[in-house]
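Input: structures, listed below.
Both complexes shown next keep subunit A, but they swap its partner, so subunit B is in the first and subunit C is in the second.
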Partner chain A sequence: MEYFLRRVIFLIGTLWVAVTVNFFIPRAMPGNPVETMMARFHERGTMSPSAMKAITVMLGISHGNIFQQYGEYLNHVVHFNFGVSYTYFPYSVTYMISHALPWTLGLVGVATIFSFGLGTMFGIIAAMRRGKAVDGSLTILSSFTNTFPYFWFGLMALYFLSFVYHWFPLTGAYGASMTPNLSWSFIGSVAYHGFLPALTIMISSIGGWLLGMRNNMINALNEDYVLLATAKGLKPSWVAWMYVARNAILPNLTGFAMALGFVVGGSLLTEIVFSYPGIGYLLYNAVVNEDFPLMQGIFLIIVVCVVLANFVADLAYVMFDPRVRRGGAS
Partner chain B sequence: MSVGAVAPPPNTPLVVKPRGAFREIAGVLWSNSKSRIGLIILGIFIAVSIFGPLLTPYNPNDSNFQDMLGPSLQHWLGTTQNGQDVMSELIAGTRISVIVSFSVGAIATFLAMLIGITAGYVSGWVDEVLSFLTNVFLVLPGLPLLIVLASYAPGRGMSLIVVIIGFTGWPWGARVLRSQVVTLRTRDFVVAAHLAGDSISRIIAREVVPNMLSLVMANFLGASTAGLLAAVGLEFLGFGNPSQLSWGSMLYWAQNSSALLEGQWAWILAPGLCIAFFGMSLVLINFGFDAVSNPRLQEESK
Partner chain C sequence: MSVIVQAENVSVDYGRKNPVHAVRNVSLTIEENQFVGLVGESGCGKSTLGFALARLERPPAQIISGTIQIVGQDWRTLAAEPLRRARWTEVSVVLQSGMNALNPIMTIGAQFKDVMEQHTRMSPAEIVARAETMLEMVQIQPEVLGRYPHELSGGMKQRIAIALALVLQPKLVIMDEPTTALDMVVQRQIVENLKELRRQQAFSMLFISHDLGLVLELADQVVVMYAGEVVERQSATSMLDHPWHPYTRALMHSLPDPENPKGSYEGIPGTPPDLHHIPTACLYAPRCPLATDVCRAQTPPLEDLKVVDLRCFVTREEVGVHVGTGA
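Our next item is the complex of A and B:
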């Protein structure tokens, strides 16, 4: 119970820090970006008074002192009111995010699940064949894919597979002539458009799972129960998959839960390269257009996802590993 | 470097004397085939970054060639939209990228040591606060945070990028180093130094840090790899200094002048490969450091 309580306190604490950081970044920067922003809006002169007010609140040109501003800001955040986007005026930040979020969740979510499954499996194989050619090539290959800039791989894939050979579309999440609906042809188009971005995410993240699982396996293979199982005459592959892997996968499972949290913010550059209409692309447009309310709203959403996933990961760990439960109670 | 250095036998706790620490680590690194390959690749990159200006086939600023040429014998990697030689840019840009990578690694590692060692050694409420801070920064998503910070920051440029990435890259290291310090703190030789009346700073400098040198180095390499990738990402988005030659700014210019649509794929391929090989060399060296701090991972045959 104490463990659970500590996790809840940490959850709330992290959320509070993130919100506060978000509040202070624009106010702590020298050169006062707020004034430049406001000047730009007066020039454009396209804002309604209420939109102006929303922006002033978001940017902190409230007439109260800093504590009143902070209170006002917290109140807005709790109600998911992030103000009005000025690139996509008159749409609210919340509206824009809610329309981009499903694309990112679908694309990166599916890619993360595949990457975790395959990476963990190859990690087990590499550890079983430790020191052999399979192990060597798998580890070298994954250290390579793990360290190249993933958007760069996306660019190369885009060039060779889409531009030169026309196997895949160049941009977007579905055919330009289509409207989103639940027909098979639309779903097919989504899968077709999502293949290359998903491949890019998988290629760049699979190595991490592989290397992590391999390390865990090697540590677990030295345990006494492995010696006993081998001495009993069980087949090495049976021991590896049914005994060792089940123990070694625990850290990877926690990592997986956390990775699901990073899904929302983890594919920024991929989405930008493929012009995929998800959160990352939206954030990019917000940055390019200096749309600060949208930028901050997206950042908060990303943080909330990560923190919640981290919380779930901690709880899941207790379910999977009784040792943590006992450690938390003492 | 002594090729014949013997790795310590497996399963003995690796407590090395301060003076021999560097030698011993170097020996294990060189005897591990993966980290040996990494050291060689890294050596090449460092040599190129030092002697780069002497090695470029043309002056990287010379824009008198025909623009957007594909790879040829005269221009191995083609030319840019301004008619500069891509190969020369790549070689000249190595220096900034290597410097950025290692500066970020150094800043992040220094902060990680400062925070991790303080939290682990002092303990009590200081530890609670610092550990909380570490865990919070650990879950704050990196790239989005960097983008938000960079868009609010006044001006643009490489030093800004280095500072931002360095100051957000310490949490992993701090967590690892803290737990190592916690286990070291109660070891006999630390307790003995304490009883002998050594000051805390002396104990940390002479007894604690030398015994986790491999962890510190591994953290430095990891932070440098992550730092280069983050810097390239930010530069690609236009937060860097586009007029300063680096692998990231090359990708920025290539993307902004539609190099791929013009068929100049080599302009994008080459910097990406360099980043990947540089990062890989650091990761390979890290395999060696893993082996130093965790003897179970050492290769048996050597």
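Our next item is the complex of A and C:
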């Protein structure tokens, strides 16, 4: 319990630091957001000073001193209010993020979970058959895909499978003529559009999980308790799972929770290549258009996800490893 | 008395290219309820032999010849599944203390349960009752069944390992240095536990140790190994009176003197030979105070001299005199 409390305090502390850094960085950057915004409106035609004033007020740009601004900012953050996007005016940052987030979570989250599950499973198989043909081919294949530039794989897949052969769509998360709903045809369209991006993410990450798990398994196989389990005449599948794999997976759980934390921010290139309307694609557009409020909001979401994932990783370790569970924190 | 283990000419190598001939032509018989002690310096092949008998050798170790008959089955040629079923019901092992022989993520109870579940038809209640009885035999509270290994002391873990080894009432228990990493007080407790267990349950034991004193105390018969070979074998009581092989004598001398327990523990001068290439000579000759030219030129055989099995050109004559005079 004390351990849990310490973790929660640590979590809150980290979040505060992240939020604060997120406040100061844009202010340390050259340029004035309002001017950027105005410049953008000017491109579309001249504006009267009164209109400019109205926009300034509407964008919520305050003129108090830095402390007042900071207080206001904190107040906005806890209400998930990050202001108005310059690029997608008049939509708010929160609106834009909340419409992009589900796509990223769905695509990258599912791909990451599958990749971890399959990689771990094949890692176990490779380790239990070590030295055999299965192990050799899995290991070589993984080492290869692991060093692969995955956006390149994405581009190749997109070019051949979508552009040349038209087997898969070129852009988007669902058919352009559809509106999101819960019908089978819409879900089918989402799966069809998500297949190549998900495959790209999985191919680039599955090898890492496989090699990591295989390595941990082989270390665990040399443990004395595995020798004793063999001596006990336990069924090989029981030994492989209860004695070897369950011990070998512990170090990987932390990595998995961390990977889930990077789901939101970690798929930038894939989303750009496939024009997938997720957070990564949104961030790309925000950067290209110098949309500071949107960038700020997205950075905050990414950081919060990573910090939360760290927290979950710690808890997962406590759940699965009795040594941490009862011995308190180490 | 029926024979539990009958191993003939067992040889074990480490590696294929330029192998270490760690165990060579060892024959060993263990009878029902007999405690056999296996002693020798570090590196003489005790563990290698013990693990090979239980078919627990791990690469690069490889049994290259011999037969291992255990309760009528040849464990060397037994297929994987019958071997698995024979394990722990016929032969169990206790690993060296200090090794982590218990799975860190399973409770002690679960580690008793899985082996009983997979080898017997006991009900869950019977399994718990049996585990509690076993712990009681080594003086450990039954609550410990719900604990994890890291919550227990080294001595407790080792007593649990012994209780676990006896849970299916095996014919033979192989113990590889079960007390070595423990302090003297705990070591004493475990030795007393073992003597007590012997009164409560019938089993044979192969007790592996580098401590001749401990082996003489516990074992009925003592096998002395040097550089991968048996050099002497006789009953513990007669060995106490007449250690024949010069190496056994040296081991005896290096024991702490009961009159002067603080006296220095003397090692045997010299080092054991390299086991990559086995010379034609007595392997102990370079370190032996009694060595003659014959010892350096021929390999002494292990001879059955009635009172002792001995591998020595020099002291075999003494045995002859000893037996002849009937002393």
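By our rule, the second predicted complex is superposed on the first by the 277 of 330 C-alpha atoms of A that agree within 3 Å, B and C clash if a C-alpha of one lies under 4 Å from a C-alpha of the other, contacts with A are read in each partner's own complex, and residues count from 1 in each chain.
Operating definition for what follows: contacts are C-beta pairs under 8 Å (C-beta built on N, C-alpha and C of every residue); 3 or more make two chains touch, one makes a residue touch a chain.
Computed from a prediction, not measured in an experiment: that's the story for all the values here.
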item: Subunit A: partner with more touched residues, subunit B or subunit C; value: B
item: Which of subunit B and subunit C A:242 touches, first, second, both or neither; value: second
item: Touched partner set for A:139, first subunit B, second subunit C, both or neither; value: first
item: First, second, both or neither for A:322, with subunit B first and subunit C second; value: second
item: First (subunit B), second (subunit C), both or neither touched by A:256; value: neither
item: Touched partner set for A:122, first subunit B, second subunit C, both or neither; value: neither
item: In the complex, subunit C residues that touch subunit A; value: 54, 56, 58, 83-89, 92-93, 95, 99-107, 114-115, 118-119, 148, 150-151
item: Contact set on subunit A toward subunit C in their complex; value: 223-225, 227-236, 238, 242-243, 246-247, 250, 320-323, 326-327
item: Subunit B to subunit A touching residues, read off their complex; value: 34, 132, 135-136, 139-141, 143-145, 147-149, 151-154, 225, 229, 232-233, 236-237, 251, 255, 260-261, 265, 268-269, 271-273, 275-280, 282-284, 287, 290, 294, 296-297, 299-301
item: Of all residues in subunit A, those that touch subunit B in their complex; value: 10, 13-14, 17-18, 21-22, 25-26, 29-31, 33, 131, 139-140, 143-144, 146-149, 151-153, 155-156, 158-160, 163, 215, 218-219, 222, 258, 261-262, 265-266, 268-269, 272, 283-284, 287, 290, 292, 295-296, 298-299, 302-303, 306-307, 310
